[in-house]
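The same chain A turns up in both complexes below, where it pairs with chain B and then with chain C.
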Partner chain A sequence: MRHLRYLVAAVAIAVFPLVSPNPYFINLAQDAAIVAIGAIGLNILLGLSGQLSLGQAGFLALGAYGSGVLSTNHGWPLWATLPVSLLLSAVAGGVIGLVALRTRTHYLAMVTLAFGYIVEILSQRWVGITGGSMGLIGVPQLNFGDFGNGATYFFWAVAAALLLVQMMNDYVMRSRFGRSLHAIKESESFALTVGIDAARWRSLVFVVSAVTAGLSGFFFAHQAGYVSSDAFGLDRSIALLIAVVIGGLGSAYGPLLGAVILVMLNQLTAGLYEVSFYIFGGILLVVMLFFPAGAVGAVQRLFRRRSSAVPSSADVPAKSAQPTSATVPAAASASPSDAPILELHEVTKSYSGVVAVSAVSLKVMPGTVHAVIGPNGAGKSTLINVISGLYQPDSGTIRFLGRDITRLKPHRRANLGLTRTFQNLQLIGTLTVAENVMLGLQRGRSFVPGWLHWLVSDSEERADRAEATRLLRYFNIERLADSLPGDLPYGHRKLCELARALAQNPTMLFLDEPIAGLNEGEALDIMAKIRGLKALGVTVLLVEHNMSFVMELSDTVTVLDYGRKIGEGAPAVVKRDPVVIAAYLGTEDA
Partner chain B sequence: MKSADLVQLLISGIAMGSIYTLMGKGLLITFLTTRALNFGQGDFLMIASFLSMTLLLAGVPVIVAVLIVVAVLVVLGVGLERLAIRPLASMTAGSASSLAWILTTMGFGMLLQNTAQLVWGKSRFYSPPLFSAKQKEVVEMMGARFYLEELIVAVLAMVVVAVLYWFLFRARWGKEVQAVSFDKATASLLGIDVRRVVATSYAIMAVLAAVSGILAGPLTTVQAHMGLLFILKGFAVVCIGGFVNPVGILIAGLGFGIVEAVSNYINSAFGDLYPFLIALLFLIARPSGLFGEMKTDVR
Partner chain C sequence: MSLLTIKGLDVGFGGVTVLHGIDLEIAAGSLVAIVGANGAGKTTLLRALSRLLPLRAGSIRFDGQELAGVAPHRVTRMGLVHVPQGRQIIPTLSVEENLLIGAGSLPGLGRAELDSRLAGEYDRFPVLRERRRISGGSLSGGEQQMLAVSRALMMRPRVLMLDEPSLGLAPQIITGIFGALRALAASGVTVLLVEQVAFAALKIADHGYVLQTGRIAMSGPPSELLKDPELVSRYLG
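What follows is the complex of A and B.
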């Protein structure tokens, strides 16, 4: 059974306090669970979305004081203070998350550091509320009214919470949520073009990490019945980071393992207080320099040597037969009509004075292959970036399927069926080929229903995987499904990106130099695939330098030069246009 | 507030602010060459403060003491680069690589803190004044009273800032830094010894930390964990100034110092809170600082 481990864990949690030789071990296990809850959230934030927080102790403090103050000074029951705790830290996380949208790595480190520091000062000096470093005394303990067995009850509560958090974490790691976060971490513009609302995800992840820290703080407050502001300094934030890093950044069980290791280390070094900074500073250095994948990575390296079956580059995909109906991806069939599917009107884009695209108007008819050509610097890539929404045009309008999308965010355009590939491939290096393709399948339930469904069945994930496999088979690279993109030769990576674009079920596909760097056999293969897509009703907009490829494949060709449109028409017409020849094609040998 | 008080506050603010500026410059210089900041730079400052205090108390002449402190710090700076920064470049693009430097430099700083704790203990110390005869020598000028020490600190820090500016924008080495900052591979194709430029930038970071540590010693209490506040403030300053512009950092540094002095005067309990709140709000409004830096990453 798939969830056997959760059952085992639940049983272990139930039994542990009963068989534990003395309360000391129960107490250690409590500590580990409290740390692990916070570490899991930090791991999602840092390991998956790549956002560093040096202020987790601030969220922890909010959770601890929120519940601690209400229950101690105002007599609230703990079941009522818990939601308040979580809400408090969630709100703070949301605010920091919003800041995170506008800042990046080192600025974000600064913002979170300052946040943590501000909370620390407030808890130290706002003595009337927090008790300062003397502490909030007489905080009710979480013992369900049974003081004698309080430690056991507390352990059960905190461990159950940990199990729940771990189960949610596992769902994130194994579903589109985790994949999307990987994508956001590696390239935000790429994430947008597969339809991921990167901004929303990034700030939500902050809320998630803040809530787990708040939950951790809640338990912390009710563990010993005493909360002092000394507990919420920078060292607490660092300790959480250390737990995540020792365990293995980005891995599902790293934070849990790291928390256990940290608590054990704390015990072992309790007598070595004089050199504790040596120990923890040394751990940071040694782990980051020699074991960047942490304990989980080290264990994996011992037991499972990843056999990456790397195909040689001579292993070119065989020229595939025309797609049969069984292997063809299901494409959105655009209704044939005379109205253009994409219409640009007088679009202009300049970069600090340099006009890259100047008043370009363009009509792409549905079901056609439309090429945009022109010399380097003609504005082709800018045009694609403007259409896909990564750049905002200075003036002009863009209409897609009759709708004005000029001001629409890139991820919304992607969700309308505007799909693209990149001139410099965009594949997520930390995900396998199949997972990269699955990134294109941005569908499925929202988090809580998805999680509940996942607990009973992984049909959703299997369906996505089957779909990805089907697409890879279409490109004859099914056997590479479990390789990492970095291990693939260039041609296969291009195919992988195409498969991902198809997974997005495009109405319209932009291909930015699809055959640049490919050999002739591969190029012919791509040409056949593009024809197959056209037959399915997908409209293709193509930027490419290879003229024979463009002329053979396109229905319409638009020629740009210095950002202006200088010619347009059927390939045969454009080829003879003297203006075009002068600007770009040159004499016969072109 | 009397105007005389105001002048005194201004001078105190500028004195501390110029130290934050030096910290900010140190962060900037390694950021330019390696896209990494030394999160242990505050601990570098702390070591410098302790060392200069010890040497001065032992009767070593100021000049000699300064030279020794600078030499020790340069060794630390180059060692940091060798130990905690350079190896990261060869690490494969894993899940941690882009942020690993935060943790390694922080780890290095923790080693320094522990060392200081073992050598000098956990107490707070008062460093002897560098320039004035006694601890709090007061100067009167146009009715305003302020500490001589603070005035000299501010002036000296400005001199260092000017020298660094000249170094970065007028000397050949500065051009090399700009080239390395733009693109390491291209720089090395142009015949620039990238490793040397990087190592030098860490040495300069260390010199700046040494100077700020020596100057800060008499203005504050010296203890093993004093670095945190300085790195926080230096960091805030460089973020507000923006990661490209030394002038922005100067403005931000002095501004931070003055706001801090005024804020502490108005509210002694929470005075140190407001500068950070202001810095935070400023970064929300202008995420890439006074003069900006952000580039879109469209490939």
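What follows is the complex of A and C.
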């Protein structure tokens, strides 16, 4: 299917110049391809990882000048200037990517805006190198030495590059890389706890967007044989953004479609230069208000309306509460022993003068269900975040499987088998239920080998999908695999999150209010599932407000109040402890 | 005579129903305590009563008037005032500015009236007078809670609804605030106190309800509830 699509695209690229009625259309197609290459990178950056760049023209300029200057002033051949100019953009992208780790949202947009301005001003003023606004004249054209057929050859080259970039994009969108970026966009702290190194990914994706912008700039420089600083103003960054938004933010073919629409609009409004900004602004407004998913979304909606066979959550059959032992997930092997699997020693955490957790020591024994309870404000949330690594304790140590993890980053803890769920569900709304579960399967090849393998076969994706399906079957929600989490009843969303936690192959499962918001039947179902996991050797650390559930399920209960441990023991003992009763109900003298 | 009558209230958000069929009767001038462990639905109940959350079913009648379709700011102006959990002091405004946030926007209140209400609140909690020029954010937890109560009282409520005023406070400060609430009820203001610390709250109440996982599990005179061993098991299972 995918191979056929690329083959059709390749044939279309080969044939287009031959059937084009005149060179004008070939030229337009070149323009569209140049825009599309840059837009694809911006779409991955903004649409997937949620980072807005208003400085793509800066990367574009680096690609264009890098190759333009080396080939014009120093006589380098284009096959040598291409990698150098891409490297230049990549380095700039890496630097901005590092800055992106310290700034977020609109602050990041301001940083990229500033970067774009700096590059623009440099290219204007550094006349000795760039020629300024007079331009770099006599840049070698990419025509393979044939002026008659030059336009055709150029189109073939740029379109082939576009096809390659699109194939890279498709891999990102359909693999764990795209899913990870969706997760980072939705919540970085969540991404960390499923083992995704969010910082690395956020800066890498900047490099990717910079390289595609650089490639776009390379073709731009060698299309007309003339590079002027006027070409790299803010309006070019905005134009890329418009192409991405009009096409459909975050969709695989949105940038391509958006680039074609943008180039056509440019032609239609060429005679109306004075009002063209109004026209673009108006179109952008209409798209954002009525077609938030862009042109791709509008087309999809049209098709979906025709075929009404979309599964809805309304026809979900009543679920059977019985776990089928045949579909139980692979056992996480935790050999039972006397050594605690998780050990906190005198852990203290305070913020702005308030001690939230004070010298808490805790031992969780392997293969047990261990609950942490306490009244509001007791420090449970802080303790959870300290154990999963989202907060650093001020003092004390945390050992997991005998190893000191006090200073370990959350994604590393996740990869060690310390898996958590969240009180307010962290499901990625833009991914299907199955894809959400696949997020937990953080494994597989690194990017380039993964891409090359994917070009031949998608066996890796299929294996992940089969594994996700197996886990969903364990929770009796296999039929919901292709639904979006937002369409599911709350109880099923909870099950989906548990399935994802299991996908991470936990040694210790850390459940933050697993039955909050569930009805009694659903709660019993979850209880049965947790018992099943315990039987498989998974250690469970539980924070939950429903006391009957906690007392029924736990082997050991630890009670916190005002950040201190005030009680610990078997449920029956803790329930009768006067100190615990006073913590919950107070005393009559307040 | 019941000032606030709640019948068959179902409340939820997202896919979750938090409260199921809540019935409450709150007599004018009484102090009613609703107690329960965390997660029982106490905050949800108060947010529903002040109309910050939509109702799935049921009715709220306040002095004979149905509140189901009334906007939150109207409910406040009708005299049903909510002191939210966590106090919600504006940290960058001074104590006095915080006090004027609600009452200052009521129509038809002159400067003289506002000043006399301020003086009344400063008499109730003298520490607020001392600190009236400093920023709300630099107050201690107990002082912030006093400020939150006073800010609500500046609007001369007929029903004062408090969401866990004891949260994070030391026992003797809780005693002080609860004493002020008792005095308030004696002066004719109806008080609806939602609390986790059941023993202290029931001790000052005229009537008590125990909330457990979204349902009224027990209700009755506080003296009986306090003696009932079932109360502890409603918290600790």
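Here is the rule we go by: the second predicted complex is superposed on the first by the 561 of 590 C-alpha atoms of A that agree within 3 Å, B and C clash if a C-alpha of one lies under 4 Å from a C-alpha of the other, contacts with A are read in each partner's own complex, and residues count from 1 in each chain.
By our rule, contacts are C-beta pairs under 8 Å (C-beta built on N, C-alpha and C of every residue); 3 or more make two chains touch, one makes a residue touch a chain.
The model shown is predicted, which means the values in this text are computed figures rather than measured ones.
Once chain A of one complex is fitted onto chain A of the other, the partner contacts of A:489 are limited to chain C, with no touch recorded for chain B. By the touch criterion defined above, A:352 lies against neither chain B nor chain C after alignment on the C-alpha atoms of chain A.
Set against each other, chain B and chain C differ in how many residues of chain A they touch, and the higher count belongs to B.
Touch criterion met: A:517 reaches chain C, while chain B stays clear of it. In the superposed model, A:548 makes contact with chain C only, not with chain B. In the superposed model, A:118 makes contact with chain B only, not with chain C.
By the touch criterion defined above, A:580 reaches chain C but does not reach chain B.
No residue of chain A lies at the contact with chain B in one complex and also at the contact with chain C in the other.
Only residues 375-377, 488-491, 493, 513, 516-517, 545-552, 571, 574-575, 580-581, 584-590 of chain A touch chain C when the two sit together in their complex. Taken together, the chain C residues at the contact with chain A in this complex read 14-16, 18, 35, 37-40, 164, 166-168, 171-172, 174-175, 178, 196-201, 203, 213, 226, 231-232, 235-237. Chain B contributes residues 31, 37, 83-84, 87-88, 91, 93-100, 102-104, 106-111, 113-114, 117-118, 228, 232, 235-236, 239, 243, 269-270, 272-273, 276-277, 279-280, 283-284, 287-288, 294, 296-299 to its touches with chain A in the complex.
Residues 46-47, 50, 52, 54, 98-99, 102-107, 109-111, 113-115, 117-118, 121-122, 125, 187-189, 234, 238, 241, 245, 249-250, 274-278, 280-285, 288-289, 292-293, 385, 390-391, 422-424, 426, 429-430 of chain A are the ones touching chain B in the complex.
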